[in-house]
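Step one of this worksheet: look at the structure below.
We call the chains A, B and C, going by the order they appear; numbering starts again at 1 in every chain.
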């Protein structure tokens, strides 16, 4: 008898636990609306600056309370996915990286704000910045942290090799690399971030578009395995075989590229905005301070003949409102404030604005005066950004990208030929797009 | 007879009462998520949501079983598991034995063992990534100065070598666990047993094989089971050191599950994958228990 | 009575000890060096084994609030406290509740005890990455997100099965005669555990405690997803935040690593004598 009661007890307790889990508590908002904003720690504006902006915003909008939360970049994607799984979502407003947009739109995380974009915004914000937040012609937020890859070179090494100008084409770069290597200035003149990660795709897309190629064709089918694509990958492999590309590039991320470049062991590197300040001005971090030059990213001769001036990769982020958020209007209002011309100009110490108009005249001087790095990078940004290519907006992008990363790595480790590897990735891409 | 029976019943009731709190905590937290995951494994889910959209039966499972990438990943995971656990066991047993022989400085050695274990996995990963670096890593620096290599070697660009180096990073972190568990078990072996054998003229190797090893069997079993189950699901260290590269050379089954669930948003697929993993780990555990577990052995 | 050791045996054993110590300390030394070096120095070739300009900046940044540029660093102490609270709670609960369960499972023979012992492992066989989303929703509904309690509960559900297994193993090797003798004297299960099981298997219990503590101390993925603010963030999460979108502050990360090693090592030092050897079966008998 007592044995049975005990079992009943266990079952009851388990049922209780499960039912406790099942019931949902509803809470009606009272008083001012609270919006929870999720952003990235480090890079761009500091949490302190963000807090200051949020305080300004709350003073102007006493009925809205802003709660800020930050996480490291690596955690953001996973945290957003888990947060959006609960109802109401844990965040009303959140920061989205460029390759996540299509995925998040398909998953229904982001609200369509196309109707809320003013004509002034359309006209004055960089066209390539809109590429970031647009999926299938609809806008899902406003651009925030605008970034792209830049071409950096070591002025001193180039001078010692007898070159006064950085290369304009990749062919020219190889000629310079040959001299640099022969003179024994460095062992491997160029270093890349070709590790099995999104970083590899960023370098690859930059090269591909510089060779007159495209990621997808007009019908949205993969085009990266056509002649331009195979040529590009073959060129990458060849530079490694010839000893111009650092062979460790296959295992390197952007940070490794910065380290090697900061060691003075590379003459050329592609990297994001952040590298310039640290490599050129920070003696604690770099052994090549004062030697770093930045120029438009070269293209291939073939690309140049087709009229490609330069080619970079768009690595920007934006802010969007959660579709399931009960506070859509308040969330949007905050994003608008955050990205307004006035706020962006005043808080430009750690982040460049999305407004094209701010890169002219007195405003440009103001941007350049923010830091020694900004003095160079503000104009370098506005020169390069019009050539920033955006990666395909496909919901299955992470999976398609992983297949392409594998293809690049298989070719670079010589397990497959460039043609075979890219064909396989293209087939995978096609299969994913038809699902 | 009657009295015996009731006493036994009371014992059983007490036993359940003692186990109940543990069971409640374990099941209370994991039962619902495990069931959810299990159910989701038979469904297609909307991208990145745990909302089932379409019942697909066992097709997620079959898709994986038909997929060569899945089997290549299983093979790599088994390689990781067997090599790392075997090395851990051999090294751990050796170190445990060494400590128990009380050489000069054994106390220092014992305390030192905690250190690698206490380094957080995430730091461990970054530390080894930095050590292995081709252009500024300590490994290249050291080997060059010792004259072992003439040029800096890009260690992590060959898939198999990258896997072996990840294993080295992992066992550095986990050998102490095995060593300490075995050492604790050795410490509880009555000295009289060995002394008797020594008097009988057994060599120290004979004493080790005939007396200690059988007595250590339960501890070896538990270390093997725990480490294998953990090694088979290895994730963190790979995520940090190689991110699965080069060319998928270090993608293990948990990493694949992570890609499916978090990167690709295929939660149904990820759920099916995790149950396939649990089949493998159960198989591993079964094999160990079958061959090593002897409940009746009691000194 | 101990077998007298010859000096030669000692020398031989010492020679074996050295490579083991090198294996342990070589990476640790590098960890320490990295934590007091600037990046420029870490990047130098040939390597500076002894930093020419050692700096304690990373440690100062972490330990003295206000001096650092990043909020992450000065919050390190709070995360240290969170981690200590979580790991200690998990350890104490696991050892007490799990110890009792382990005792019942191996010493009170009852139907299903074997399958139950093996079944306990079941919860540990499914990868965390699959359980994390359902668990997150569960935690959100229980209003436990961003609290230490959800981490304690989650870690318990993982640590308990292993703790029970470990302790069961140690309890199993205790001769039954001791227990039977106590039973005849009228001792109940609590007295048996307290007077016989615990003293004999102290090394095992302390090792288990160390294992549980370090498991909880080290856990990263759940802590990353379940915590948002300093109310519950743990040390590994704080350390991970030294890695940004592209930048990895390797020196700060290594300094954080060194600091994270200290509490478990200090604990181990305190409990050192219990791990080395427990009372032998003979000692209890007499």
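Going forward, a contact is a pair of C-beta atoms (placed from the backbone, for glycine too) under 8 Å apart; a residue touches a chain by one contact, two chains touch by 3 or more.
Please read all numbers here as calculations on a predicted model, not as lab measurements.
**Student:** Trace the shortest chain of touching neighbours from chain A to chain C and give its length in steps.
**Tutor:** The least step count works out to 1.
**Student:** Name the two chains that are joined by the greatest number of C-beta pairs in contact.
**Tutor:** If you count contacting C-beta pairs, the leading pair is B-C.
**Student:** Let me have the rounded angstrom distance from the C-alpha centre of chain A over to the C-alpha centre of chain B, please.
**Tutor:** About 36 Å, centre to centre.
**Student:** Just curious, how far off is chain C from chain B if you go by their C-alpha centres, in Å?
**Tutor:** About 15 Å, centre to centre.
**Student:** Among the residues of chain C, pick out those that touch two or more other chains and give their numbers.
**Tutor:** As it turns out, chain C has residues touching two or more other chains at 43-45, 133, 137-138, 240, 243, 248.
**Student:** Could you say which residues in chain A touch two or more other chains, in rising order?
**Tutor:** Residues 21, 78, 81, 85, 259, 263, 265 of chain A each touch two or more of the other chains.
**Student:** Would you pick out the residues of chain B that each touch at least 2 other chains?
**Tutor:** Each of 16, 28, 32, 50, 135-136, 262 in chain B touches at least two other chains.
**Student:** Can you tell me which positions in chain B touch chain C when the two form their complex?
**Tutor:** 11-12, 14-16, 18-19, 21-23, 25-26, 28-30, 32-34, 36-37, 50, 95, 98, 101-107, 109-124, 126-128, 130-131, 135-136, 138, 141-142, 144-145, 172, 177, 180-181, 183-185, 187-188, 190-192, 195, 198, 215, 218-219, 221-222, 225-226, 229, 233, 235-236, 253-254, 257-258, 261-262, 267, 270-271, 273-275, 277-278, 281-282, 285, 289, 295, 298-299
**Student:** Under the touch definition given earlier, write down the residues of chain A that touch chain C in their complex.
**Tutor:** So the residues of chain A touching chain C come out as 20-21, 23-25, 40-43, 46-48, 69, 71-75, 78-79, 81-82, 85-86, 90, 253-255, 258-259, 262-263, 265, 271-272, 274-275, 278, 283-287.
**Student:** For chain C, which residues count as touching chain B in their complex?
**Tutor:** 1-3, 5, 10, 13-14, 16-17, 20-21, 23-25, 27-28, 30-31, 34, 42-47, 97-98, 100-101, 103-105, 108, 110-111, 113-114, 116, 118, 120-131, 133-135, 137-138, 153-154, 156-157, 160-162, 164-166, 168-170, 172-173, 175-176, 189, 200-201, 203-204, 206-207, 210-211, 214, 217-218, 220-221, 235-236, 239-240, 243, 248, 250, 253-254, 256-257, 260-261, 264-265, 268-269, 272, 275-278, 280-282
**Student:** Sort out for me which residues of chain A touch chain B in the complex.
**Tutor:** Those in contact with chain B are residues 2-3, 6, 10, 13-14, 17-18, 21, 77-78, 81, 84-85, 103-104, 106-109, 195-197, 246-248, 250-251, 256, 259-260, 263, 265, 395-396, 398-399, 402, 406, 409-410, 412-413, 415.
**Student:** Which residues of chain C touch chain A in the complex?
**Tutor:** Against chain A, the touching part of chain C is residues 38-40, 43-45, 69-72, 132-133, 136-138, 140-143, 145, 224-225, 228-229, 240-241, 243-248.
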